[in-house]
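Chains here go by letter, A, B, C and D, matching the order in which they are written, and residues are numbered from 1 within each.
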């Protein structure tokens, strides 16, 4: 089966996720600039979540250029990823509501870790259906960045209980590290030409 | 008419349904782990609804690989399915709000039954437009699993008034049974190669 | 320019409209069947709005099978249609909130009239870009049903101030009349084969 | 990489943005025409935001007809545009809530300016990947209208603190100016035939 509809459905789900997060930013009732002050951390959390979800879409987009067929297992591995991403608006809102209290920052990291693990599983399922000597496998490589990100999320979750802002700094650092879309699959496409 | 736009529209509607359900999980005001305790059943209901809607998308995705043309009747049979699925966030929220009271659990089952019947009607309409000796008809087979699911939902709705948790267990069991996407249409595609 | 992206964008907007309407049905706090009683008219209004928006999607879907190219004017005529459809959740909610008071029923009809006029304008713009002797023009014909619907909506809006339920009956009757998707474009496709 | 999925994802995000804005129009509790009176400015703000977001979609649609491949940089330039557009419902709601107080009108303009700058950056990134003597570059031309719009937004933001309605008039004037979709890319397509 071709991955076309899996891509279209994922696009739809991620488009809704990334857009409904903005609804967490409640319109302030004051009409001057100071009314926006309490929204500053909420806004920064929105930017962080927007960038993190955007990174998943970008990498998904890049990776599926090397995917030729999907199995029933691929559909569920992809749904599993979308499930974790669908929780991002909730954990973002919980952090906002409680001024980045340690537990809420750890919960935010837990959802990021879940999405990261789900993405890792998705790459393994695709690897199994395409074969270890496929172009997909060569483009994926040893997936160093993906594995280190998971370790960093685990560290951040633990650190959140000590210094919540340190955990947030790690989430932001991982996001910055991934800002460059996944070149491995771009290189693969370049080779084919 | 090709089923391309019917697929795209269904993808969009199901993507919105599966994502707005997360809005039913109201952000708790407490900032410690105990604040999440009342959310546990709400979260489990979300997981169940997410999986059930995901199953419909997966089966829809698989089935339409064997669909070559759609008629006006197909469009309405599909809309009828989307209508019942669109009620899933409502019945999920009603269960959450009332701690899985019998009536709400039965209503949840009624919507699942409605979606199941709508899916059954959709297969009959597609059967009529493709013919009983088509590849579609052969792949669909006697649709044993679809028919048994409807019977199980009827039983669960009745049981909900006696033991609500038993009904929920049946919904979850049906979901687990369907976790494996509809192999019939995968087999059809494999044969064609 | 090909109509592919116009179709995809319209699918997305209509998918969101048809799904967010369900959010107007507020989850009741009671846990027995009587708690649902006040929701019955709200549910019927949801069914009516769902069917009316679904009719627009179906006819849009059918009509665009005969559309080969879109101009800048087509994009705006289509956006104008989507604008009126985007108001359906609002007028549905207003009727719900005020127990189908005359003004709210008339406002509901006004939005339907707006959407009907916008659809009519869209057919004229497509007629102008395809030519009066095109297959599109032949399939569209004299558009009797479209024109009569507009007259019926005008009548219903006036009647709403006298007997609101009569106006609602007319809206429902128009919906039933359109339940059969637009055969004209199906016939055109059949001829081509 | 082909721009197909970037287009599909952008369609999804913009479809959600344009539709959730209508949720800012809270259903009034009164049941007569006077209950709608306080909604009139809110409705006009909705129309303005709908038209402005629609313009971005139209221009995006036109421009991408001349785009043949996208790079990692294009994805982020496009995400950056979607980010600013995702803030339009928030600033629209803030203006509504505070009766178009100066700061809120300036904030609305700031988001429009952000979207305008993001669109400008997107054209530069596409220019860099397609080359300055490409069909894309010729169709884009000197982008006079895009640059003047940015200057007008800056002027409107400053004027908002003096006369908020003047700023709103400028936003509306820019919208009217852009109502005609971007002919440059239509001309390019006509030449190719």
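Just so it is clear, a residue touches a chain if its C-beta (ideal position, glycine included) is under 8 Å from a C-beta of that chain, and two chains touch if they have at least 3 such contacts.
Just so you know, these numbers come straight off a predicted model, no measurement behind them.
Trainee: Validating interface symmetry: for the copies chain C and chain D, is the fraction of residue numbers used by both over half? Same or different.
Mentor: Different; most numbers are used by only one of chain C and chain D.
Trainee: Name the chain whose C-alpha centroid is most distant from the C-alpha centroid of chain D.
Mentor: Most remote chain from chain D, centroid-wise, comes out as B.
Trainee: Distance-wise, how many Å sit between the C-alpha centres of chain A and chain B, to the nearest whole number?
Mentor: That pair's centroid distance is 26 Å.
Trainee: Measuring from the mean C-alpha position of chain A to the mean C-alpha position of chain C, what distance in angstrom results?
Mentor: 37
Trainee: Among all residues of chain B, which ones touch two or more of the remaining chains?
Mentor: 8, 12, 15-16, 20
Trainee: Given the complex with chain C, which residues does chain B contribute to the contact?
Mentor: 1, 5-6, 8-9, 12-13, 15-17, 20, 24, 71-72, 75-76, 79, 82-83, 86-87, 89-90, 93-94, 96-99, 101-104, 107
Trainee: Inside the complex, what are the residues of chain B that reach chain A?
Mentor: Residues in contact with chain A: 7-8, 11-12, 14-16, 18-20, 22-23, 25, 27-33, 35-36, 47, 50, 54, 57-58, 61-62, 64-65, 179-183, 186, 189.
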